[in-house]
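Got some structures for you, see below.
Two complexes are shown next, each including chain A; its partner changes from chain B in the first to chain C in the second.
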Partner chain A sequence: MDGGIAVLGQVAFWGLYSGCIYILLATGLNLIFGVMKVVNFAHGEFLMLGTYITFFFFVLSGFNPYLLLFLSIPILIGAGIIVERLCFRPILGTGKLNEIFISLGLIYIFQNGVAMVFTDEWRSMKSPFADLTIAVGPIQLPLDYIIIVAVTAIILVCLSVFLNRTTTGKAIRASSQNRKGAMLMGINVERMDMLTFGIGAGLAGAAGTLWAVSGQVFNPYMGSVPAIKGFAIIILGGLGSIPGAIIGGLAIGMVENFTAFFLGGSWKDAISFILLIVVLLVKPTGLFGEEGE
Partner chain B sequence: MRHDCIIYTILGLLLIALVLMSGCTQAPAATGPSEIKIGVVASLTGPASTTGKDIWQSAELAADEINAKGGVPVRELGRSLPVRLVQGDDESTREGGMKAVTKLITQDQVHVLVGGYSSAVVSAHQSIVADNKVPYIISGASSSAVSRRKDLDTSYMFFHRPNTDDSAEASIQFLTEVFRPAINAKFGFSDGRKLRVAVIYQDSPFGKGQLDAVKSLIATKNLPIEVVAEEPFKMGESDFRTVLTSVKSKNPDVIYAVTFLNELVPMTQQARRDVGLNTVIMAIENNDDPDYYSGVGMYGDGMVMESRFSPYAVPAGSTEAATRKFLSDFDRKYGGFAGMMGAATYESVYIAAAAIEQAGSLDRAKIRDALATIRVPQMMEIMKNGTITFSPDYRESKFDLYVVQLAMDQKLGEPRPVIVWPGNLKAGDFSIPDWYTPGSP
Partner chain C sequence: MRLAQVRTPRNLLAAVILALALIVPFLVGQNLYLLTVLVLMLIFIIYSSAWNFLTFSGQGSLGHAAFLGLGGYAASLAAVRLGLPPLLTLVLGGLFSAFIGILIGITCVRLREWFLAMVTFGFAVIIQTLVVSQLAPVTGGWDGFAVPKIVPTSIPGYLVLEYYVVLLLAVLVLVLFYFLLRSRIGLALAAIRENETEARAAGINPVPFKLFAFGLSAFVSGIAGGLEIFHFGYITPEIFGIDLSFWPIIYSITGGLGTLAGPVIGTIVVTLLWDGLNVLGLTYGRFIIIGILLVLIIIFLPRGLVSLPGEIEKRWKRKGE
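Entry: the complex of A and B
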């Protein structure tokens, strides 16, 4: 099997799984940036909160952890709205430095708050489907990962329908394309900011639930690295571009896993940024970015 | 009248202040320090925080016991002093370790340092310890590259842990003497067949040190072992699926995993559950921790681990009573069991106290000299010749190591270890799990 198609197929599947987590994280981040032009470094903490909400309610209720998406997403939407209203709206338009320090402050608040409640020990949980595997030819696909890929696809389709088919979604897109124009057309852009921030946080919460369900370990400090990669993805895909976030997330997931396979796990994180540098040298606006973003 | 009243009040207050101040100056002058300050370097936050908490709590337990017995006699002062521990959180990072150790030495002015877990983190703050000449009993940092470095003065550093060569030697000896004959017999392999070992290691001095030690041992002793894969991973990694897929494609008989606790749990689970890698994992001693057993669950069944202190497998003999007392005291105070790093740090606090008593002084140079010649009876970990003492060359203590095998306990819902090697310590025989699949014939 050494170097065979089956092994490469298996690695591609792990890349697809990693890509799904990145896509959800980066799509939320890009949605927020697209509408508000806000840089929120604490976005990874929403993912971390998603893992703990899932873990907490799973232990408490014993529900199927995938059903807990219906809890983690609304709770994180609520948390996102509160954070936007209390932290980001007062400093909107006052400079990037303020946004950076607000988000750094939020990182510490969320991390220490969760550590205080749940301690900072590493946690993990076991999905009820953890032992089920489906063989597709020579490739073994754990059922959980198939569900994770399917859930991500469903969430993205729902998001697309919301943004393209509903009045509120169209208002969000209008705010993203031309904030002043949207205001002149009677759109309450501050309401759109709040909603967008909530949806972005909700998508990160969904990523957190899927992270926990996949059996990966988590602790209060686990959000920083995925957040940094989320930023790399949105720059790679193009700031403000949802398709860019999806393609970028998938690309980073695949490249990371194939790099780990061919060059070793030490290169896994570095390759994301090497890819980013290469893309920016060739196309400074990112894969799907527009001039001026 | 009102004016006089104010003047008398002010005078009265001044008089009271004068009396109080004179009282201060007339109190017996303090002759020297009132306590022994021991700095505990531990990863209280960050990826290694589970182990860091264990280190801190165990040190606290030792200090409480010493203080309950009246403290440590210091001859030069003519009295006993209590031990006060000072926390130094290295944040599981090199920079965090440098900050913490600098603070402990310069601001808190500790007399001795104990602790230190990651080789990478310890190696970054060794120069600060060397420059300030503070005695440091290091209970982690197993890489020989840390204890045997030539670029700085390590004479104030004492290593109360087996180095990577020691632990690799015990693990490889087990694989050669027990594991290889067992699979050869069960699967009908020829005696000349080499054992196929895949090494998955943390990309750090600790991981690289283990890998080098394993390869060097195989080469110098001409052992019938072939390293079929060398797979590094980044410290703190939690997704090992691709690395394990790569390892699976090399058809190993056993995986030699050089990891921290928070890395071994997902690695073990992902190997069996996600990648379908039905191979025994051999882990290193720093993972013999209650959190590993509870975290890994059923996927830990059948795996083996080199150890020097196991919370659930206490070797019979001279250290048994002390170990059981430590575990029970720890459980009573903190609820739960201590791991190996906790045990080593607990012992380190006692070694520090013994060195101060022997030196009869809180002078750092005198404490260092006492540590160089100290002989403390073994406590919980089994030492060579039954005594904790540091080698004259690199100031390393020497342990009798053993190997445990995990078996799932259905009642507890998590595995429990049994000592299976060496012969003089073992409580059961190593057995090949039913699900095990060997590598290529």
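Entry: the complex of A and C
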């Protein structure tokens, strides 16, 4: 019996860890959606870029991969700003479907750009702490997973301090709550759009680094499914609500890992969509959503 | 009066394209590569027209490969297990696909735009998972299974025959959509697309019309799926892939969303570009070029290539003034 609890505890911890990746993706998507009301299906490509940046510089320099967060986040903030300026700004307000379609174009560009440089084979990298585990009661926890959970928590705390305490952060929240009102208060909402998109991409980049460090395999086409799950999470957790994204991300991480454990690995992806469809059947605006955007 | 109506430049163009399509096999002769490209092009014209038909009702789908695959699997299972002729099982596959399509449609009618996109994407993932896990004893899992061809390879010039069969079906599908969109159904769909609340106020119940559009789109996609499978002579779960969900969208946007000619022109242009770039050896580069093309078209030509002549004319007139 004790062994059973240990296994369940292990699975729950995997859920917590994979939830971290989803939380970072969903928080970024939620920020972007809150401010710009834009749906960027190419968000997973930022995750993919993050893993490849980490992989490339890790192989090149041999630095501790966690330090590479300070590289992948700024690079992706820059990439996000460029993408917003060139692709999303021109079509802002022309309809939800256009945003989805333009992200399809971006998906093709990013995936195959990376495939051209790194080929499309599956890769993985080994973290320097890969063999270390810490025993918590009967459960053996890999040190990497603990660091990943901690790093995610630190990133989220930094984000919330930035959003709540700094002037720029307050301006972002204001544009998210009422775009016109923010404009009247002298906030440059277009600059906030760029910044928010950049932060969202940066969070996805951080998720990418954590993905690579954890030893999971990756290839240039890995991003689409996690990104769409990110959307499932923000629909579940409520549009524009960051606590919702955190709870939703954890929930999806847990549900996925328990499903994979009980039903077999092939159901890992499908289960989050089943959950999403069931929720939307009962409540077409999402669990906490007020308006059907 | 009636003759003048028939002789518009648009209809003339359609007639020219049809005539070209009819004589093309004689031009390429026995070049099997080109014939294969043409057959696949026609299959994708059917498929993207079906996807595009859904947008006439104000709905969209990011997971249409689900219907392509369902049609393909149903048709090929019927052909292999029951020994029915492929042309008959095509219709069975379409009907099965439409049945599931209407079930999915029921869950979707209340959703708007990108929620709908997510749910349809999700269904494609779920169906693929079912096919490779729980249904694997029937479907052969990831390995798939061999299926007969539409026209047996033993007949000389089978690919040319196949081309004409697919061409006939493509023309039938386009004519069907043409008349549907001109009928009261088409008007109702347009009303729902433009403003659902106003359509309700005018006495149109959107639900049956949306379900009809979903079902018909799934039916035609299922037939396209069956055609694709019977063309290759083999089926695997990759038919549910994300790529196959995205292609009809790319074709329709390039050609022009919400027009009958859009998917046709888009499919022709993108397929030719695609295979042309392949011949040049740009394996990954062609994806990037298609991606850039898509982004540019959405930003600068939101109504697709179909609107290009009109836009150029507008520019000219503005310059003249």
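The working rule: the second predicted complex is superposed on the first by the 277 of 293 C-alpha atoms of A that agree within 3 Å, B and C clash if a C-alpha of one lies under 4 Å from a C-alpha of the other, contacts with A are read in each partner's own complex, and residues count from 1 in each chain.
One rule holds in what follows: a contact is a pair of C-beta atoms (placed from the backbone, for glycine too) under 8 Å apart; a residue touches a chain by one contact, two chains touch by 3 or more.
None of the values given here were measured: they were computed from a predicted structure.
With chain A as the common reference, the superposed partners chain B and chain C clash.
Once the two complexes are overlaid on the shared chain, A:72 sits clear of chain B and of chain C alike. In the superposition on chain A, contact of A:224 is made with chain C only, not with chain B. In the superposition on chain A, contact of A:27 is made with neither chain B nor chain C. In the superposition on chain A, contact of A:40 is made with neither chain B nor chain C.
Contact with chain B, but none with chain C, is seen for A:4 once the two complexes are overlaid on the shared chain. Of the two partner chains placed around the shared chain by superposition, chain C is the only one that A:96 touches, whereas chain B remains out of contact. Of the two partner chains placed by superposition, only chain B is touched by A:14; chain C is not. By the touch criterion defined above, A:266 reaches both chain B and chain C. Contact with neither chain B nor chain C is seen for A:51 once the two complexes are overlaid on the shared chain. Only one of the chain B stretches 113-121, 167-175, 239-247 or 311-319 carries C-alpha atoms that clash with chain C in the superposed arrangement, namely 113-121.
Chain A uses residues 115, 120, 225, 264, 266, 269 to touch chain B in one structure and chain C in the other. For chain C in complex with chain A, the residues that touch the partner chain are 55, 60, 62, 107, 110-115, 117-119, 121-123, 125-126, 129-130, 132-133, 242, 246, 249-250, 253, 257, 284-285, 287-288, 290-295, 298-299, 302. Chain A contributes residues 1-4, 7, 10-11, 14-15, 17-18, 115, 120-122, 124, 126, 130-131, 133, 140, 142, 145, 215-219, 221-222, 225, 257-258, 260-261, 264-266, 268-269 to its touches with chain B in the complex.
Looking at the complex, you find that chain B touches chain A at residues 45-47, 49-50, 53, 203, 231-234, 236-243, 245-246, 248-250, 261-262, 265-266, 269-270, 273-276, 291, 295, 297.
Residues of chain A touching chain C in their complex: 39, 41, 87, 90-91, 94, 96-102, 104-109, 111-113, 115-116, 120, 224-225, 228, 231-232, 235, 264, 266-267, 269-270, 272-274, 276-277, 280-281, 284, 286, 292-293.
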